[in-house]
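Going by the order they are written in, the chains are A, B and C; count residues from 1 in each one.
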Amino acid sequence: MTTIKEIKDQLSNKKISVQELYDDYYNKAKKSELNSFNQLLEPEYNKQNIINSQSRYDEEKDLPLDGIPLGIKDLFCTKGIPTTASSKILEKFIPEYESRVTQNLLNDGSIFLGKNNCDEFAMGSSNETSFYGPVINPWKNKNQINDHLVPGGSSGGSASAVAEKICVASIGTDTGGSIRQPASLCGVVGLKPTFGSCSRWGVVAFASSLDQAGPITNTVEDAAYLLNSVSSYDPNDSTSSNHKRDNFLEGICKNFDRPITIGIPSDYLKDVSSEIIEQIENTKKHLTNLNINFIDVEFTTTNFALSTYYIIAPAEASSNLARYDGIRYGYRGKGDSLEEIYVNSRSEGFGEEVIRRILIGTYVLSAGYYDAYYRKAQRVRRLIKDDFQRILKDVDFILTPTTPNEAFKIGEKLDPIAMYMNDIFTVPTSLAGLPAISLPSGLSKNNLPLGIQLIGNYFQEKNLLQMASLLEKEFGFNG
Amino acid sequence: MDNNWELVIGLEVHAQLKTESKLFSSSPNQFGSDPNSNVNFIDAGMPGMLPVMNFGCIEKAIKTGFALNFQINPYSVFERKNYFYADLPQGYQISQFEFPILSEGHIEIENDNVLKKIRIERAHLEQDAGKSIHDIDPKYSFIDLNRVGTPLLEIVSYPDFNSADEVINYITSLRQILMYIDVCDGNMQEGSLRVDVNLSVKKPNEELGTRCEIKNMNSFKFIRQAIDYESKRQIEVLESGGKIEQNTLLFDTSTGETRPMRSKEFAHDYRYFPDPDLLPVNLTEDQIEKVRPTIGELPQQKLNKYINDFNLEKDVAKIIISEKSYAYFFENLISSKSIKPKLAASWLVGDIFSFIKEKNIQIHDIDDRSNKIIQLLEMIESGTISNKVAKDILVEVLQNNKEPDQLVKELGLEQVSDNDELEKIVDDALKDEEDNIMKFQSGSDRVLGYFVGKCLKATKGKGNPKVINELLLKKLNK
Amino acid sequence: MSDINIKKVSYLAKLALNDDKAALYEKSLSEIIEWVDNLKKIDTEGVKPLHNITEKNQNIRNDEVLKNNSTEEILSNAPEKAQNFFRVPKVVE
């Protein structure tokens, strides 16, 4: 009993109470040693929510996510609950407001177990930059069974918790792959919706033109449940889209009533390991079983995506993080002058990767470099977007690996660029703003999960989830 | 100026827009509230907060565009100006840089009856910052964020000014226009209008000199003083062989001197880039044109009308248009067309203005007296009462809100214009005045005035001076 | 190769780097900038910069007062405050 539908059935049929369900997950989460929660809420806190939820089930008026215990990435501002962005600089920050996304989840009756650990300010691909310590992947390399592996990042806590099954699902954020990559390394499902699909209001900002909230779940159907809740138009977010939202559950496990074509970019597969190639080949077989066509496609801009991203994202971040100055909230360093307070608060409050990205961002925006870097990157971004549009004219979805490698050892990748390369397959979609989902497709030689990524066109999440659900059944992956 | 030096000045005027809410947040746009009481989470730069644009600010900008002869740009982009300061919660100010909403405007200023065109390079929308209070504690400064996010229109002129007079004229005209079109309340004491003065000096036919910027001036008196001091300072430096360092300056009102702000080496790299939380503004022709009729008559148009159509003296007209509230009051007085504009004008700038000045009130404080004033003016115009009587009644109207025609009836103050009645008075006045009559007949005009006064006294001021004059002349010239 | 003025960049970002850290970050930055320099190879002549993926126009809000937050809420997380103000060391302009 682990999917949302199964759980809801059990609750409706009184096989289990909301309290029992909650206690079960809470106790599991409390016992976990994988550090996937920065904060577990005390049961007292959720007492009334649980009572209300149970009443609704008793009256058969239950809400779409009623009683479902969720993890929330510690990047979402949750009213009255500390929100730290896994950073020292926000260690004691308690927001007086609820983010749009988490408000939607509360409105749909879900129960928050706690705030999931993540990379500091969502900057990282391994959840090793958190002020609260690294998160550990529940999976183990069968040939190095004692090693702690990374869960991926930045939503490493979310992915690990879902994989360990100490929460039913989690809401993370994805800027360059931060939902999809950890989902892939942890053998779970992760969806990044179209940019503008979910509101960014109340989400601690990293890179404003790229950040998107999205579900990390055990199944594709669960992701659809969550997306139904979190995707909404928000007039308080100027980049929020007001298109009409589908019911994302509608297509789950249904066959398409028209021919579908999937494009597989050869340029993505140029330098990957044989295991990754195997995943793609395997997927092709399943597509054939499903009577779905696939063709070779080729991007012209793939080699430039990471550079583009690592100029734009740090630039926006350097500006978004300027508000952390020790004056109105957060950590304040000592100082006898305003300048000292700024410098000490920020230098002591931010971790190394955050400082590195702020420096990069400041540099690429600075006088004399703006045109060569930031402006140039914005032009290349348009070319990347056009490249996708060209290809999506001929195909319904694009299939790629999610990550170039399986989960690696904590502490193994120390070089920043080596770390950035983790995002090679996810970053292009982020730059184009397209929706993409990662689902586990199989295991590596080391018995570690590998994932494939499906990319759809703008606001085609329903079709994307439908396609993913069909593949999911084919893969038969059992976490 | 001394020694052939030319003064070159450019101005950046920051006008706070008169909107209900702020530029990117819906908290109140209000002055003078308790500290940190007009602030919402967006203003305070809390984590995860996002800006949403107030269309009212765009409308005010478009209005300004029409009034100042600007090119109104349908496409404009908000950019972040990044720097750190205690009164700037986000660590950046949302402004417009590469694509401002208004370009290439101009106004004309008048100096000694000569018109000069001042070109305005651009105007753009931006957020105001909060306030820091530095002088109430030796160890601390205190930050009030109420003003954060208040909409500003920054109006940047070309360096077309060559004297303090021109600068003052421009700011006066600009302020007047902005108040007329209801874009800014013009309250300089409250900081609704602030001016940065960019000043340099040069010799004729030479290149422009290095300029210094005197920031945040909000008083005509101090602007003049600052220009005076700074120009002299720069000339002294150059004449003694030195070089002008480009600096940002503050004017110290207590010493009358400018001094550099504490600036650091890399202080001015603002790293402008388009704000990724906002989308570009793309105005339709409709949206722009819709604003045009809301502007109403501009000061210059009113001035021309008053002089050409109403036959007012230029000086009088200028006084009336100097404040929109005066012009409205005046036009209200003459709206029923029962009074000649010239008459209404002279009473307005004379006795009525004296009254409000003396009582230290605003013209709108006597708005409720308008109808009674009209009544009074009608009586003057029709000759029902004399000017002298009118003056006294006006005081009663303004001070005590009395009804003029009631007063006149109660106190029997109607002007006496009846020929027969007045002839009797005149005859009486001329009795036993052979000496004075002879004086008049031998050319003394002053005597006439004496007789007129005598008659007025006899009528207790109600006699129609014109008729008295005519009758006297008739009889004296016999 | 590196013309990165780490002192200027860290000053602008209000970060204090001791000499060791400064050297480390400068090296790191140089490597990353060199890595992203591959953008020089792609021709972007005549391509308009993409600022917002949505490519829509700015949505607007009517000019009305809606959201004010109480002084308590605004100051609730302040590390140092006094009488409804935020308090900082004295600033000399």
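As a working rule, contacts are C-beta pairs under 8 Å (C-beta built on N, C-alpha and C of every residue); 3 or more make two chains touch, one makes a residue touch a chain.
Since the model is a prediction, treat every value here as computed from it, not as a measurement.
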Q. Measuring centre to centre, with centres taken as mean CA positions, what chain is farthest from chain B?
A. A
Q | Chain pair with the higher count of C-beta pairs in contact (B-C, A-B) | A | B-C
Q: Provide the C-alpha centroid distance between chain A and chain C, rounded to the nearest whole angstrom.
A: 23
(Q) With centres defined as the mean C-alpha position, give me the chain A-chain B separation in Å. (A) 57
Q) Between chain B and chain C, what's the gap in Å when you average each chain's C-alpha atoms? A) 40
Q. Residue numbers in chain C touching 2 or more other chains?
A. 8, 12, 14, 51-52, 54, 56, 58-59, 61, 69, 73-74, 86, 88-89, 91
**Q.** Per-residue overlap in chain A, given as positions that touch at least 2 other chains
**A.** 93, 96, 209, 235, 238-239, 318, 322, 325, 327-329, 338, 342, 362, 366
Q. Do you know which chain B residues sit against two or more other chains?
A. 41, 44, 52-53, 82, 84, 86, 141, 143, 269, 271, 276, 278-279
Q: Would you mind writing out the residues of chain B in touch with chain C in their complex?
A: 19-21, 25-28, 34-42, 44, 52-59, 77-78, 82, 84, 86, 132-134, 137-145, 250, 261-262, 264-266, 269, 271, 274, 276, 278-282
(Q) Can you tell me which positions in chain A touch chain B when the two form their complex? (A) 76-77, 83, 85, 90, 93, 95-97, 99, 200-205, 207-209, 235-239, 315-316, 318-319, 321-323, 325, 327-329, 338, 342, 362, 365-367, 370, 374
Q) For chain B, which residues are in contact with chain A within the complex? A) 41, 44-53, 80, 82, 84, 86, 89-92, 141, 143, 269, 271-273, 276-279
Q: Report the residues of chain C in contact with chain A in the complex, numbered from low to high.
A: 4, 6, 8-10, 12-17, 25, 28-29, 31-33, 35-42, 44, 47-54, 56, 58-59, 61, 69, 73-74, 76-80, 86, 88-89, 91
Q: Going by the contact rule at the top, pick out the chain C residues touching chain B in the complex.
A: 8, 11-12, 14, 51-52, 54, 56-71, 73-75, 82-93
